[in-house]
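Next up, some structures in C-alpha cells.
Here come two complexes built around subunit A, the first alongside subunit B, the second alongside subunit C.
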Partner chain A sequence: MSDRESPTKERRPWKQGRPPMAWAADIPTGRSRRPRGRPLLYTSYSQDMALLDTGAKKVWTGLLVLVAFGLSVVLADRSLEVLAGAYVLAIGAIGLNIVTGYAGQVSLGHAFFVAIGAYTGAALSGPPGGRTLGFGVAEIWIWLPAAGLMAAAAGVLVAPLATRLRGLYLAVVTLGLVFLGEHIFKEWDALTGGPGVGRSAAVPQLFGVRLDQDGPLGTREQLLYLLMLVLLIVFAVAARNLARSRIGRAFMAIRDRDIAAEVMGVPLTRYKVLAFGISSFYAGCAGALLYSISGYVEPGSFSLLLSVQFIAMVLIGGVATVSGAIAGALFISLLQPLTRSLPALVPFVSADTTVTPNVFQVETVLYGLLIILFLVFEPRGLFGVWIRVRNYWKSWPFSY
Partner chain B sequence: MTMTATRTQTIATRVRRRAEESPGAVAMRYKDFGIWKEAGWLTYWTHVELVAHALMALGVQPGDRVAVHSENRPEWLYADLATVAIRGITVGLYPTNPPAEVAYLLSNSGAKILIAEDQEQVDKALAVIDECPDLERIVYLEPRGIRGRYDDPRLMSWEELLAMGAERAGPLEERMASAEPGDVMTLIYTSGTTGPPKGVMLTVANVEFAVRTLVENGGFTSPPPSERDLIVSYLPLCHVAERAFTVWFNSAAGVQVNFAESIDTVQANLREVQPTILFGVPRIWEKILAQVNIKIDSASPLKRLTTRLWLRVADRIGDTLVRTGGRHTMGTRALYGLGWLMCYRSLRERLGMRRVRYAASGAAPIAPDVLKFYMGIGVAMHEVYGMSENTAIATGNRPGRIRLGTVGEPQEGVELRIDELTGEILTRHPGTFAGYWRNPRATADVLDEDGWLHTGDVGEWVEGTHVRITDRMKDILITAGGKNVAPSEMENALKASPYIKEAVVIGDQRPYLVALIGIELDTVGEWARRRGLSYTTYRDLSEKSEVRELVQGIVDEVNQRFARVEQVRRFAFLPKELDHEDGELTATQKVKRSAIAKLFEELVEGMYRR
Partner chain C sequence: MTDVVESVIRGLGNGSVYALLALGFVIIYKATRVISFAQPSLMLAGAVAVSYLAEVTGFYLAVLLAGLLIAGVALVIERVAIRPMVGRPFFVVAIITLGVDVVVRVVVNAFIGRDVRQMGDPWGFTQVSFGPFVVQTRWLAMLLVTAVLVGLLFAFFRYTRYGLAMRAAAFDQETALAQGVSVGMVFALSWGLAGFLAAIAGMFVGTGQGVEQLTWIIALKALPAIIVGGLDSLGGAVVGGLAIGVVESLFQSYQGQLAPWLGQNFAVVTPYVVMLVVLLIRPYGLWGTKEVERV
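Our next item is the complex of A and B:
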C-alpha cells in the first residue's frame, strides 16, 4: 500500500495545501477489491458488468475452452472437420443473432451475405489468371476482414430498407435478397464458376503456413479446427461485449419497441444500419471460412435452405444469446452426420436425392419440426433449458 | 502529530489512530446507485474533523447536545464522532419518531444543533420548533425538497457544514485532549413503554468499559472482533445495542460497517454483504423464520420435500446443541456436514448468514424455538442481555456454553445479583450510567447508594451460572385468584408461530387470562391464498372464521405447555396492525401495554363479558 511507504507525507494529507473539501469529497480507499466470497457485493460498476462475474463462471468457462482445445488431439480427423464446420456456422449464427436476436430485425437474407463473404475470400485468395477471378492473396488476415467488410457493405446498403419496414415485410424483402443473390451467383460464371461447376474456395494461409495441408504442426483437420476455434472465441467474445455495451442496449431497446427506443433518444436509422452491418460482417467472415474447409464453393449452396438453417440455429440455440447461438450451431451441424447415417438404419429413407423420401428431405423436415417444437415448448431455446436448470439449482432450497 | 497529550481514550481518538495507521483500509460501506461505496479510515476521520470544526464554529461547548435524526448512514457516525471529539453529547432520534415525540426529545435534551436526514425529518423539527428554544441550527443531509424551497435561517446543508469546518478551524486538538472520563458523551432515550422516554447519560468511561468488555475481551464474540469482520448496520443507531455493534465495534476493533439501504431491504443487503457478525432483535429473527416457512411452502415439490427433511434434521441437531450448550458432537457434526451440502449452505447463503460466525439476539425476549432453528442450521445464535442504563453490559450466552431460555452468564467484571425479596436483577460495574438526563428522581429510583442498578427485570439463576429472565417487573400480572403470572412467556410462545405477530396477554385483577392477538399479514395472507380465501384488508383477513380456527389451534397447542392459571381462555384479534405513529408501539416496536389496554378496552371487556 502506497500509504505505508511514505508515512510522513501521507499522514494528515489534508493539511498539506490541498483544500480540505477536496479531500473530504473523495479519498480513495486504496483497495477496490471486494471482500472475499461475496459475489453480490459490488464495489464498482465494472464488477457488476463483468463478463465472468463469479468464480464458478471463470472456472467452468476456462475448463470448457481447455477441453475444446484438447479435443484437437483426442478426436479423429473426420470429427474435427465436422466440428470446425460447426464453429464457423456458429460465427454465422452469432451474426444473425445480432440483427435478429438482439436488434429484433427479422432477416431471411443471411445466406446472401454468407455468399458475398465466401466469394470475396475465394476471389482474393484464388490463383490469378485462372478459370475464375483470382488475386492470389492467400493470407487469411487479409482476405478474412475483406470478406467481412464486403458483406458488411452489402448489409449497410440493404439496411435503409429495414428502417422503413418492420416484421413480415422486412422478412419478405430479405427473402427477395436471397433469390436475387442466387440468380446473380449462378449467372456470374467468371466469379463463381457457374452452377454445378463451382470454384475453389478461399485458401487459409497464415504467415506462409498453409492450414489446409498436413504440416509439421498437425494434420490439415487439426490445423483448421484450431483456427476455427480461435476465431470463434474471438468473434463470440466480441459479440458478447457488443451486447453489453451502449450499442447492444440500443439494439435491445429497438427490438423491444422501436418507437419507445426512438423517444428515449436511440437514433433508429443509425442503429439499424449498424446492426445489419455488424451482422453481415459476421456472415461474410463465416462464409469465407466455411468453404475453406471443403476447399470448394458451388453457387447453388446459397439458397433459402442455408438461411433457414441459420434461423434454426438461432431459434433452437436461444434468441439473443451468444452461447445459445453456439449451442444451436453445434446442434444443427451434429444433426447432419446423424441424418446422413439414417439410410443404414431406416430402410425407406434413401441417400439418393432422386428418390423420395431422401435424407435431405428428412433434414429439411427436421429443421422445421425442431423450430416448431422449440418455439412451442421452449421459446428461449437450448439456452433457455440451461437457464431453467441453472435457476433450479441457484434458487435451492426455495423456488424463487 | 501523534497522540498529543491525549490522556483519555475516546471513540474519537480510536478512529484518529486508525486513520493514521491504516488510512486506506475500509471503515464502512454504503450503497449508492446499486454500488457499495467504500469509505476508508482517512475519509472517516477527515469528515469527523471537518464536522467537529464546524460544530465548534457553531458554538457547541463541552456538554452541549447535538441531535441526530436520521437512518443509519456514514453521516450519522461522522456527526456522532465529531460531537464526542469536541466533548459534546450526541442524542439520537428514531427516524420513525412522530413530531410530538421529536418535540419532547429535542426540548428535553435541549439540543443546540439538529442533524436531520431529509425533508421529512426537517419538517417534523420545523413543525415543533417553537417548543424547542435551545435549537439553533438544523443541518440537513439530503437537499432534495429543501434547497431553494425553505428559507428558514436556521437551516444549513451538510456541504455548508463541511465547508464551514474547512474554513473555520478551531482548537480541536486541545478540545480532544481535554476530554475527561466523566464526560457524558451520549444520551440514549429509553423506549418509554410506561411513561415519557428518559435520557440515559452514558459517559466516556462507561463506553470505554463497554468497549473493553464487549469488544477487546470478546464479551460477545470469540475470538474478539477484528478488521476482517463485517457487520450490517440496520437497526436504529439511537438504540444502545446497534450503537455498540456499529459505532463501538467499528472504532474499537475496526469491524467493517455496511449500512443497509433501509429496513425493507435488510434481507437483500444481508445477502450481498454476508456479514460475519449479526445482531438482531427477536422481531427480525421471527420474521426471517416466517419467511423461510413461506418460501418452503411455495417451493416445487422436490425442493419442499428435501428442505423439510433437512429442517427436521436441523431441528434434531438443534436439540443436541441445546443439550450440549452449542458444542457439536461427532454425530451432529457428521449430520450437519451432510445437511450443509444438501441444504444449509444454500439456505444460509439465501438468508445472508453463510459467513456469520456470531449471531446475537437481544433487546427483547425471544422464543427458544426460534433460537433453536438458527442453531440447527448452523448459525451460532446467542441470546444476550443488557440495557441502556448499564451500557448494554449485563449477561450473554458464551459460545459453547449456551443455555436456551436464559440470557447467559454475567460478563467479565460485572457484579450481578438477584434481589431475594422481589426477584429483581441488580447489576453493578463501571458501565453503570451516570443518571437520567435532568431527572434525578428517576435516577434515584433505579440507582441505589451502593451503585447497584435496579434493572426492573425479574429473573432467576439457572444452574447457578446462567440467568433466566421471567418478565418485566411492571408487567407481572396478579389474577383475581391471587396468582402471579408473567405474561411474556405466554406471549413469546404465541409469537413463535409464524402466523402471529403480536400477542398481548391481559388479566390483571381478572378471573382468567385473555389475549389480544395480531396476525402476521404476510404469512396468514399466503396461507389464505393457498386455501383460496379471498380477503381485502388486514381487518377483513383477521375476521375470517378460518383464520380464527387457525389461531385457535395455535393457542390451544401453546396452552398445553402452561399451567392452568397461566392459560389463555379467550382471545380477540386486534383490528389493525399496531403502529408507532398511533402510539401503540414504542420506537423499538415494543408494545405499550397501558396504551393498548385503553385503546382496545371494548375488545377486552367483551372477552370477559361473554
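Our next item is the complex of A and C:
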C-alpha cells in the first residue's frame, strides 16, 4: 500500500535531484482502503473528494433512493403528482443554488429562464399547425435538452450584464428581466396562447411511450413520478459533481471574494457566464418538465412570485448545498397541500377565498414568515438543522 | 405639440411618485446598504390607510395620519426583522425585506378585499387648462407636493442635527459610531422616513383610479429609477424617478402609433428597458458612487 508513505518523509525533496513538486506524486490519489476500525480516517484524496465520503452516507443515501422508488407503488396517485412536481421544482432550485448559492450571484430572474424552458419544450412537442406554435417532436430526450440549452443561451446572453454588476444592482436587474419576460410572453400569442388562455405544455413521451397517460407500465402519475425522480437524481448528482470540480471551486472562490479569486487566476467573466448558463440550463429543464405534469402553461405564471418561491426553496433548504435545495423544494411544495387541509383542523381558517383568513393568505404569509425566520434563526436552512441534529447524536451522550 | 406637453406633465406627475418611492429606497440604502424590497407593501399599506382614515377624519388629515402610521409600521419592521441582522451579508437582509413585503401585503390585501378602494381625494380626474394645454389637477398636485417634500428632506439632511448624523453614518458607520452618532437611531429614522414617503406615494398612486391588490407593482418601478440615478444618490433618485415617469408616459402616448410591434402595454415595462440601457453604459447609474475595491 503506497499510501503508508507520507509525503513529508523526504524533508527537502528539491535537494535530492528530483524535479520540483515531484513529491506531489507520492500523495495517494487512487482508491485505497481505510484501516479497520477507523471509518472516518481519510487516507487518500479520492476518499476526501468522494460524493458519498462516509459509510453512513452511502447506506442512508441508498436507502433514501430505494424508499423514493418504493413510494411510487405505495402512495396514492394524487400524492405522487404533488411529489413529482416537488422533484421538478427541486431541479430548478438546484439550478438557482448553482448561481446564487455556489457562485454568489443573486438572481431574482429565475422565473424568466424557467419560462423560456417551458415554452421551448411546449413549442417543440406541440402539434404542428395548431392554434399555437408546434413542431410535433414529443420525444422527451429531444425537447428536454433543447429547453435547457435555449434557457442556457438566454442565461449566457444576460450574463455580460451580470458580470458588470455586483450584489444588489444585479438583483434589481434580474428582477427587471422577470417583468420584461412576462411582457414578452403575454404579447407573443403565437407561442404562448396569450394571457388567460395559455397553451398545452410539453408532452412527455419516451421511445414512443406516452408518460402522461395510463399505460401497461403504470398509471399516469406513477410514470410521471418515476420520470421526475430519475431526472432529479441525474441532475442532483451532476450538480454535486460540478460543485466539487475545478469549476465549482472557482464559483465558490468568486462568491467568497471575487477580487481574491481573480488574483488567484480565476477568470471572473468566464466563470460568471458559466454559472448563469448552467443555472439557466437547470431552470429551463425544470420549466419544461414542470408544466408537462399539469399539461398546460399560462404566461401569467412566470411572475416575480415564482422567482421568490425558488429563492425561498434555496434559503429554507440550505444555501450552497444540493441536498438542501431538494429539501427546500419538497418543503415548499408540501406546504401547499398542508395549508389546503388546514380548514379541517383549524376552525377559523376558511377555504373560501372571499373570507379572511383563508388558506391562500395563510400559505402566502407562511412563505414570507418562513424566509424571515430561517434567515434570522438558522441561516443554513434545513440543511443546517440536519447538521445540528446529526452532530448532537454523533457525540451523544457527550453532546453539549 | 400640445399632446407632447400634456404627456410630459402626466409623466412628471407619475414620475414624482416614483421619485418619492425612490427616495425611500435610497435613504434606506444609504443608511443600511440594503435595498428594502418591503417598500411596495408599505406603499400599498399607506394607500389603504388613507382610504379608511379619509372616511373618518377628512382627506388631508388622513394623509398625515397615514404617513405617521406607516412610518410607525416601518419602525416596527426595522426593529423586529432588520436590526437583529446587522453585520450579516446585505443580500440576506434584502431577502428578509422580501419576506416582510410578502407578509405585510397579505395583511393589507385582506383590508382591500376584491374591490377597488377610493382615496376620497379632492382631485379625482378633474382637469385644468393653461391656454391650449389641458392637464389633470392630480398630476400638478403630485408634482407640487413632491417638490415641497424633496425640499424639506434635503433641508433636513443639510441643516439638522439628525440629518448630519444620517449623513455621517452613511459616509462611514464605524467612524460615526465613534463620534457618538447612534447608528441604530439612524437605521430607525431611515426606515421611518422611507415609510412616510411610501405612504404619501401610495396615496398619490390611489388618486383617481383608486387602490386595488395589484397596485403594489407600481412601487417596483422605483427600482429602475434608483438604479438609473445611482443607488446612493438622493438627487439621482429624484431625477431618475422623473425621467422614468416621463419616458413611460411618452411611450404610453406614442408607442402604439410609432412602434406597434412592441406589443400592447409596452409602456409598463419601459422603466426596466431604460434601466438596462443605462446600466450597459454606466454600471453604477448616472450619479452613483463607483465602488473602488482595495485589496
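Quick note on the criterion: the second predicted complex is superposed on the first by the 336 of 400 C-alpha atoms of A that agree within 3 Å, B and C clash if a C-alpha of one lies under 4 Å from a C-alpha of the other, contacts with A are read in each partner's own complex, and residues count from 1 in each chain.
The rule is simple: contacts are C-beta pairs under 8 Å (C-beta built on N, C-alpha and C of every residue); 3 or more make two chains touch, one makes a residue touch a chain.
The structure displayed is predicted, hence computed values, not measured ones.
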(message) On the A-aligned overlay, A:252 touches which partner chain: subunit B = first, subunit C = second, or both, or neither?
(response) neither
(request) Quick one: classify A:365 as touching subunit B (first), subunit C (second), both or neither. (result) second
(request) Classify the contacts of A:335 with the two partner chains as first (subunit B alone), second (subunit C alone), both, or neither. (result) neither
(request) Name the contact category of A:176: first (subunit B only), second (subunit C only), both, or neither. (result) second
(request) Answer with first, second, both or neither: which of subunit B and subunit C does A:397 touch in the superposed model? (result) first
(message) By the touch definition at the top of the document, which applies to A:385: first (subunit B), second (subunit C), both, or neither?
(response) neither
(request) Could you look at A:38 and tell me whether it touches subunit B, subunit C, both or neither (first, second, both, neither)? (result) first
(message) Applying the document's contact rule, which stretches of subunit B touch subunit A when the two form their complex?
(response) 1, 20, 22-26, 29, 34-40, 42-43, 46-47, 49-50, 162-163, 165-166, 230, 256, 271-274, 295-296, 298-300, 303, 306-307, 310, 343, 346-347, 350, 354-355
(request) Under the touch definition given earlier, write down the residues of subunit C that touch subunit A in their complex. (result) 34-35, 81, 84-85, 88, 90-92, 94-96, 98-103, 106-107, 109-110, 114, 220, 223-224, 226-227, 231, 263-266, 268-269, 271-273, 275-276, 279-280, 283-284, 291, 293, 295
(request) Show which residues of subunit A lie in contact with subunit B when the two form their complex. (result) 1, 3, 10-14, 19-21, 23-24, 27-32, 34-35, 37-38, 40-45, 48, 396-400
(message) Taking the touch rule as given, give the residues of subunit A at its contact with subunit C in the complex, in rising order.
(response) 106, 161, 164-169, 171-173, 175-177, 179-180, 183-184, 186-187, 259-260, 263, 304, 308, 311, 315, 354, 356-357, 361, 364-365, 367-372, 375-376, 379
